[in-house]
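Inspection log for the structure reproduced underneath, given as structure tokens.
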């Protein structure tokens, strides 16, 4: 994902820069400009009240709401508490789905029996809408933290399972054969060759899973939550406190982007070889 | 994804079958057995009322509910009408997100400006919970079909954009260079080389997007729907008609599995070369 | 008669992580070279000497750091249909069958379907693959794919043909047949040809001129005219040509030239 | 002294789409072969003759359709540390640095970290890469990677070394140095070696015995003893050895044997 | 003139489902009507504010929230005063004091939520001593089944499910007496009301007639009646539960609407009280001094005069 074929600029990849006099803007600068432009449009839209402020508060109002959230809180908890509660759920769910999904993905990727048993289960779980199975989750795991974590984990599981099994299957046959001819047992082949090769794919799966987890946060926090970003958004939406809804959305997006950035960094540290094979 | 390294059975891949006397069970048979086992457990669980029938009706009841749904319908529409309404929304959203996502993915994958502008937008949209932005969608696009399609499309877009840009970036540099030295213009390189190479990745993205679309179906049909599987499930849940809820879940899973199967077939027909590069 | 000219060309890849610190690494320096369309210039040199870089410059895939590359006096502005490349690993399009791969440059030119089909079939016949038009390329053996690649390059009717180790992974027999084939194609198409090869035998047999590239940075350390290709074309047996004292002397001389270069990695 | 024995081995790949209809395609038939641990058996033959298949059988990656393959009379049950393979495209683990790649077989055996580090460094020194231990393998050149692969195979202390075209993509100089290196390693380690090569020169220079595999289905069409490797090891110059009449006669003979095989794809 | 009327309804068992099923509204208003189903008042209000809806069905809590945000809406008809339909059902708790330290669930921001808080205030039970959980009705049923909660303030049919193994501590009828009435109402967007007053009047008239029909003979709407069938078909409720569900509300007739107890004064006070309460709870940023602009007797008065 880091390699890019800049079709428009291929001839400039080496040596003298033929047709471009100035150094091009870095991608980060363009992104910053984009964000600034969006904020500008938003400010204009609310300045000229193109949309009722009840439904599109100005950026200023949202920042104010964020400040109030941080200082005074909303629905009996401060922003930090809401974020903390949600982060614990997201990471709890991530741990759970890693603990279940990686072995399941390995089973699907390495054995026909594993594939036969787990493939239909995964394909069944993948499209299920969380709102539909919420009562079933409560019946089985109750209304404690477990239920929220379960709902989030169910949305994360498929991508972790699928990316693990894809990673496992893409292991080079030569790498496996080499290990076996160097004396590796089946377990050693799995631990020393198959798993390391699958790591880049698993990391990609985890990044996708994190995104999916955030999208089910509000649904998960419909269940007997008393704090959490999703709960906060939900409560605010019911009372038309739109500035808090938007502040919540912004907070989710910022955290998710931060985590994505961290994940990409970790990926670069952990598997520098992924771009070299 | 079709290539599998069966570590446990590598030595048997050719010639005489060394240690295995009988032909192994095909994967499909194992899957059928798995489904049968799950149905069996479910029957037992409801026969011994391990779970109250209000929450887990027996398979027989669900089949009966399906029959009644098909013949008499529920909340003023038959099963076929509900399924039809939802399929139109899912496919409408799919078309919309293909129409937007593929060009966006190409822009991200081929140009730094495209990446600079669109990457933050995609990363912002990816984690957003549909339940959080539902009121905003109503405000901006109203309560017609457009709002439902928008909600579903928003959940589909990221995977289509990301897989398109990944596909575009993975185009072989040699393939691009070859086309250019054979006289291709920039547009021709895009149309004749970059896009065809990205097709397998785009198809994978569409499969993932379909799964994501189904998971937001209930949320999308929370608002101002008068038919649809998600609407049906939601209405039934309000009045604790659990057999219909489960029947709806089963219908969603079956349709999704069928579509996944079709997509894999299309993939095999359309890009037979994908497994040969 | 077209002429491809390198004038005082040098190339540095921009500094990257892993390269030596302290500035860009010079890869090619002071390259002056002319290739006319009746020539086949064979380029030999150690691994890492800059052979592929030279070819990429000629193709226009990369721009030189200094100097100019021109065709008939007009500086090149990037890749173009006048300089077709045959890649070492074929670079055929897997989503097209053999015929459509060959017809690809014609499609780019907007030639109608029927006409390009006919032309592609003629080219496939020329490279001995008359039957293979409808086959997906992954069913073809390495040698067959290489020939499809050459047919595709010829379909572009280039003024120059740039071949990067096109016979690298073939066994002795298949390789010698492909060598004869390249000679014939070259003679027929009249395209000026640059052939990169690891084999001194091959360079001597096919080249009208042989260029030795010495590494660190890559410079033209020798240029030798050779006439063996004319002999082979006029019917002499390859074995007889190789057995001639002149061939042996030139072989020994070129081997010495390559080995003479300063040592780098292989310290064993 | 160990012995690797093929007894009446044949191999058919199961019928697949794209193969000729009417049953499995025979790839190898009636192979009888013995390799002692003081031998270096060079295998030559046309592309598709079945050389790689033969090596895969010896390695235990695939099982023969009929016949047995045994080490010292014990039929092999799959791959094992007694038969280490060096792959054409090295098959090093990119997530390990050069040293850890070499130490990999020791790790499998449970050798403690310090001991395996020491042993790996010694092996790296042997293959002339004393400095490269900490480097990620993607920073190494082709020749360096090939040597790491050989060091890794040696670390397993195999009784047999199976080499599949290990020098395929190297330039002439690097290749000749690697040839000398393989000869020395073979002599030191005392492991019986199978070397697959496209080059008749290489087979003659390195092999104590040369086997010609003829295609469709693969059979042993000739087996020739050769003593040039002993000459080279005892100090004779490679150029001199190649210039000897015996070498030339054998070279011509082997070339004839390969070319004599019935024709298939290359119809140009 | 061709008028299109967008109505947002909720799947509540009440008499106006019958004219909705029969197409009576279309006939009386002469408009083309799009019926849109919603599951919560907040979405109805968002839709009205965006102009997508003209008339909508909301509970008193969302109504108070919308009015406090000064959205251009008007209450035109009080559908029903919630009485037995919503109640606090508990398990192994006998007195209000016993609620302390227990887990009580309710759908937040609903009329039930408001009633629960009002009841606690009436009993002088500190809401903070009770663990109040936010759950939607189907999830309340599941949590009750599992024994995860000790009680819930919720509506039918989940309430009926809870009553099977629990007892009722208070109903909304009780809470109304304690000064916290809750109700459901039809509201209209002012813009539409100004443009098409006759349509709104006709709408109110039909709704009033349906209520009157039910009030005239409630027992005729039994489980096997055509009315019950129509209500069940539109809402998804089980047909044999419809009569019981209807009994949970007090449906005022058209004549009673304009009275002092309802649109004529009581409703404004109820909305103001609810808003004050929400403000105290920190749910809305500010309350208004006067809520009378959001309630109008004009439509019920006009409708009474209307005759076919």
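General observations
Per-chain residue numbering starts at 1, and chain names A, B, C, D and E are given in the order in which the chains are listed.
In this text, contacts are C-beta pairs under 8 Å (C-beta built on N, C-alpha and C of every residue); 3 or more make two chains touch, one makes a residue touch a chain.
Just so it is clear, the model here is predicted, and its values are computed rather than measured.
Steps from subunit B to subunit E, minimised over paths through touching chains, total 1. The interface with the largest number of contacting C-beta pairs joins chains A-B. The chain with its Cα centre farthest from the Cα centre of subunit D is E.
Of all residue numbers that take part in the contact between subunit C and subunit D, over half occur on both sides, making this a same-residue interface. Per-chain Cα centroids separate subunit B from subunit D by 48 Å. With centres defined as mean CA coordinates, subunit E is found 82 Å away from subunit C. The set of subunit B residues that touch two or more partner chains comprises 10, 52, 55, 134-135, 139-140, 177, 180, 222, 234, 237. Within subunit E, the positions touching two or more other chains are listed as 42, 46, 49-50, 138, 141-142, 145. Shown for subunit C are the residues that touch two or more other chains, namely 60-61, 78-79. Within the complex, the subunit E residues that touch subunit B are 6, 8, 11, 35-39, 42-43, 46-47, 49-53, 137-138, 141-142, 145, 157-158, 161, 233-238, 241. Residues 52, 54-55, 74-76, 134-136, 138-139, 142-144, 222-226, 231, 234-235, 237-241 of subunit A touch subunit E in their complex. Taken together, the subunit D residues at the contact with subunit A in this complex read 59-61, 78-81, 83-85, 87, 89, 91, 93-95, 104-105, 107-109, 136-138, 152-153, 155-156, 162.
Residues 40, 42, 45-46, 49-50, 62, 65-66, 69, 71, 105, 108-109, 133-136, 138-139, 141-143, 145-146, 148-149, 278, 282-285 of subunit E are the ones that touch subunit A when the two sit in their complex. For subunit D in complex with subunit C, the residues that touch the partner chain are 18, 45-48, 127-128, 139, 141-144, 147, 168-174, 177-178, 180-181, 198-200, 255, 258-259, 265-268.
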